[in-house]
Amino acid sequence: MSVYFPQKKLPYLLVLPQLIITAIFFLWPAGQAFKQAFYREDAFGLSQTFIGFGNFIDLFQDPLYYKSMGVTMVFSFSVAFFGIAIALWLAVMADRVIRGKMVYQTLLVWPYAVAPALAGVLWWILFDPNIGPIALFLDRIGIHWNHFLNGDQAMILVVIAATWKQISYNFLFFLAGLQAIPRSLIEAAAIDGASPFKRFWDIVFPLLSPTTFFLLVVNLVYAFFDTFGVIDTTTQGGPDGSTNTLVYKVFKDGFIGLDSGGSAAQSIVLMAIVGLMTVVQFRFIERKVQY
Amino acid sequence: MIENRPWLKLFSHFILIAGVLIVALPVWVALVGSTQSASSFADSVPLWFGDQGVQNWSHVLFHAAGSTLQIPVWHLLLNSMIMALGITFGKIAISMISAYAIVFFRFPFRSLIFWVIFITLMLPVEVRIVPTYQVIANLNMLNSYSGLILPMIASATATFLFRQCFMSMPGELVEAARIDGAGPIRFFFDILLPMSRTNIAAMFVIMFIYGWNQYLWPLIITTDDTYYTLVMSIKNMLSVPDGDIEWNNVMVTTLLAMIPPVAVVVGMQKLFVKGLVDAEK
Amino acid sequence: MRKLTLAMAVLGLSLSGSSFATTEIQWWHAMGGANGEELNKIVKEFNDSQDKYKVDPVFKGNYTETMTSAIAAFRAHKQPAIVQVFEVGTASMMAAKGAIYPVYKLMKDTHEPFNPKDYLSSVTGYYSDLQGNMLSMPFNSSTPVLYYNKDMFKKAGISSPPKTWEEVAADSKKLLASGAKCGFTTGWQSWVQLENLSARHNVPFASNDDGFSGIKGTKLLFNGPLQVMHITKMHEWQKSGIFSYGGRRSDSVPMFYSQQCAMYTGSSSAYGGMVKNAKFDFGVSSLPYWASEVKKPNNTIIGGASLWVLRGKSKEQYKAVAAFLHFLSTPKIQAEWHQFTGYLPITHAAYELTKKEGFYKTHPGTDVAVLQMTASKPTVNSRGLRLGNFVQIRDVINSALESVWSGQATPQAALNTAVERGDVLLRKFARAHQ
C-alpha cells in the first residue's frame, strides 16, 4: 500500500473510540493493579499501608505460587498435546473418507461454540464421584474416582473438559492443512509402495508441521487464559491447589481471599508473561504472513 | 482415493463415528437429564429419557430457572443476546475504523497507537479482574448492559484482522477514489465496507460466540438478576449450600445456553471456518 | 474524571434510574434449594405485610461467594443493606468497624423493639462483642448432627444410633458386613471433624480463647493430640470402608441419599433435603464424641450464618432494615423457618411455640440440634471461633484433610502444615488490622 488519504485529523478521530476503551478498561485498571501491588489493604479497603515490594517478596516465597506454576504447565501442555493428537487423528481419518466429510466436520466442530463454563458442568456430571455414569463405571472396574479428593483425577477432569472444547478447533485447521497437501506427492509415495502409515509419518506429518506448531501456540494460550470457566465450575482450583492455575489463582486470591495486594502482584507478574508471549506470538505470526 | 482399501475406509468411518459419539456424549446426558425429575439424580445420572421433559423445559424457560434463580430463562436469553450482539457490533465497529485509520492514513504516533492497542488487549480480563471491577464500579456501570458490553468491545484480534484485510486491498483503489473525488468517508462506506462484507460476516460469527460465552465478567459485575446472562447463571444454579443441585433444571439451562452459539457455528459453518482461519493467522 | 464519567453515562445503554415509591433494600444471601424458596416466601410475607418497605432478596452463590462479593461491592460503594455472612466470616466482619452497622446499635437508633434476652445465648454468643452486644442478627444457625439410615440399621441388626465414635466404628463394621458400601460420610469436614470435635471435647482450637479475646498473636492449636488421634482414626476407617469422603461442603450427602453410606454427619439444616430426597426411613441423633476422651461432651458450636448490616445507606433504608430484622425475629416467622429448614430457632419463643405446636413429636429428631446446643453451659472452648481470614483457613484445613484422605500426608504432618499455613493467614490479618 503506497497511497494514503491526506487528512491529518480524521485518523485520530477514527482510532479514538478504541483508544478510549483501551485507556479506561485496560490502562486504568493496569495502573490500579500496579499501585495495589505495593500496598497492604484490609478486605474492606478501609486502611492502606505502603509496603514496597512486600507483596512480591511474599509471592516469591510462597511455595503455593510455584505449585501453581507447575500446575499451569502440566495443564496447558496436556490440553495442547491431547487436543492436537486427537484432532490430528480424526482429521486424517476424515481426509480419507470421501462421502460424509462435511457431515463429520459438522458433527465435530460444534463444541467450539460451547462456553468453557458449560463444558465444565457437562463433564462434571459425567464424572461426579457419587452419581456420574463414568465415575460409577470406573468404580465398577476397580478405579476409585473422586476428583474432589484426588488431585491427579481433578487434573484429568479439567484437561478432558478443556480438551473436548478445543478438538474442534484443531480439527478444522488440520483438515484444511491436509487438503492443501498436493495429491501427487502422496500418489507418488503410494506408487513406491509406501504403506498409508509410513506415508503419514514420512510425508504428511512433516508437511503439517507449520500447522502443528501454530496450533501448539494457540492451544497453550487457550489453556492458559480461556479455561477459567472450566476450572471454576468443576474443581475451583482444588483439591489442595492441584488445579489452581496462575490465572485462577489471581481471581481466587483477589476475589475470594480478598488479598488485593497479593493478587495485584500476581497480576503484574502475569502481565509481564503475557507481554512476552504476545511479542513472541506476534513475531511468529508476522513472519508467517510475510511468507 | 489413492488406492482402494475397503477395510481402511471402514476403519476410518469407525474412528470418526466413535469420535463423534464421544464428543456428543455429554450433550446426550444433558438432553436426557433435562427430561427427568430432580430426584432421579439422587442415585445416579439417568441415561435415558424421563417423562418430565415438557414440564422442566417450560418451567425453566417461562417460570424460573431454579430455586436459586427466580427468573425465567427467556429473560436470561434476552440478556445474553443483548450482550453478545452489543459486544459483536461494538467490536466490529471500533476495530474496523481504527484499522482503517492505521492502514489508509499516515500520521504521527501511528505505530505507537497500533502497539498500544495490540499488546494491551492481548491481556484477558481474568488477569486484571480486581482493578477492572473497581473501575466499572467507579463508573457506575455495575448491573448495566453498558458494563457488560463496553469493557469487552476493544479487540486487538479484530483490529489486526481488519488491518490484514485492508492491507491486501490494491492501492489503486484509493487512487481511483481520489480521482473520482471521493473523500475517505465515502470511500469507507461505498467501497471498503461492501468489499469487506465476507470478512465482517466471518468476524461476526467468531465474536458472537466470544460475546455469548462470557462468564467471569458478568458473574462479577451483576448482582441484579434482571441483568444476569445465561452462561453465568449456571454458577448460581450450581452453588447451593446445604441443599442439592437441581440437575434437571441445570441441564435444561445448559442446553439453552448452548443452542444459540452452536446454531450459529453449524448454520454458518463456512463463515465460521473462514473467521477462525482469519482471526488466528 | 468527572468528564469521563459523564461521557460514559452518555455512551451507556443503562436502563437504570427507575424510581420507587417505597424504600427498597437489598439482601444478599446464600440460601439455595428448598431453603432458598422458603426464604423468598418469608420475604414476600414481609413485603405484603406493609407497603412502606420492600426487601429485595438476591441469591449470590455459596457462603464464600456471597461474603466476598458483598465486600467487593462495599469497596465499590455498591453494597447491599443486609448481607448474610457465614460464621467463619464473623471475625472479618467484626474487625471492619467502618463497614458494619452493629445490629444492637441499629435497633436502638431506629427505636425498633429489641430485647437481646429473647435470643438463645448459645447462638448469639458467636455474634456478640465482649460486652455482650449483638453485632449481627443470627438468621440460620445450625449445628452438626448425625443422620442415620434406619432401614440399613435394621438390616444390620442395630437397634439404636451410635452415641460415640467408638460405637460408630463398631456399628459400621456390622453395616459393612450386612452389605453397606460405607459406614459414614461427612459434610463440612473442618467444621464437623475439627472445630466441633475440639469444642465437644473441651480442647482449644486456637489460642486467645479461640480468638475471642483478641486479634493479635492468635495462633491455631488444632494439631494437638485429640485432633490428630481423631483424624488418624478417620484415615484408618477410610481404608477399611467405614468412612468415605465425598467433598468439602455438603457434596457428600448424595452418598447418604443413595444408601451407599448408612450415616452422615452434617448440618442440622440438611433436614429439609433429607425429607425430600431420602427414599428410606432416616433418623437424627447427636454428634458422636470419644468416650475415651470425655465422660460428658460439651455443647456443639453453631454454624450457619447471620445477617450483617452494612454502612453507607440512608436513614430511611436503615428503618426498613430494622423493621425487617424485627419481623424475622418474631416467633411465628422464626418457628416457620426453623420447622421448614431444620435450622435452630434463634429465640426462646420460637422454640416454645414449635414445641407447643407438637412439631417435635410429629417430626422426631428435629429437636436433637436444639438440645445438643443447649445441653451444657458453653465453656471457653465451646463458645465458637473468632478467627480472621477464616475463610482461607478453612480452605487450608480442607486441603490438609484431603491430603490425608488421598494418602499424601500423615495426619500429624497434614495438620502441622495446616496450622503453619493458617498462622501465616492469621498474622496477615492481624497486620492489616493494627
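Note that the chains take the letters A, B and C in the order they are written out, and that residue 1 is the start of every chain.
The definition used in the following text is that a residue touches a chain if its C-beta (ideal position, glycine included) is under 8 Å from a C-beta of that chain, and two chains touch if they have at least 3 such contacts.
A quick note: this is a predicted structure, and the numbers were derived from the prediction, not measured.
Annotation of chain B and chain C: jointly contacted by A, touch as defined at the top. The largest tally of C-beta contacts between two chains is found for A-B. The centroid of the Cα atoms in chain B and the matching centroid in chain C are 38 Å apart.
One simple way to say how far apart two chains are is to compare their mean CA positions; for chain A and chain C this gives 37 Å. Note on chain placement: the centre of chain A and the centre of chain B lie 16 Å apart, centres being C-alpha means.
The multi-chain contact residues of chain A, meaning those touching 2 or more other chains, are 24, 131, 255. Chain C has residues 4, 8, 65, 69, 72, 75, 254, 258 in contact with two or more other chains. Along chain B, residues 42-44, 134, 139, 150, 220, 235 each make contact with two or more other chains. Residues 20, 24, 40-47, 129-131, 146, 148-151, 238-241, 255-259 of chain A are the ones that touch chain C when the two sit in their complex. Residue ranges of chain A in contact with chain B, taken from their complex: 1-5, 7-8, 10-12, 14-15, 17-19, 21-22, 24-33, 36, 86, 89-90, 93-94, 96-98, 100, 104-119, 121-123, 125-126, 128, 131-133, 136, 164, 167-169, 172-173, 176, 183, 186-187, 190, 196, 214, 218, 225-226, 228-229, 232-233, 247, 250-251, 254-255, 260, 263-264, 267, 270-271, 274-275, 277-279, 281-282, 285, 288-289. Here chain C touches chain A in the complex through residues 4, 7-8, 64-65, 68-69, 71-72, 74-75, 92, 95-96, 98-99, 245-248, 251-252, 254-255, 258, 260, 389, 391-392, 398-400, 402-403, 405-406, 408, 428, 431-433, going by the rule given at the top. Listed in rising order, the residues of chain B touching chain C in the complex are 39, 42-44, 67-70, 86, 133-134, 136-147, 149-150, 220, 223-225, 235-236, 239-244, 246. Residue ranges on chain B touching chain A, taken from their complex, read 1-3, 5, 8-9, 11-13, 15-16, 19-20, 23-27, 29-30, 33, 41-45, 47, 93-95, 97-98, 100-107, 110, 113, 116-124, 126-132, 134-135, 139, 150-151, 153-154, 159, 164, 167, 169, 171-172, 174-175, 178, 183-184, 187, 209, 212-213, 215-216, 220, 231-232, 234-235, 238, 247, 250-251, 254, 257-258, 261-262, 264-266, 269, 272-273, 276-277, 280-281.
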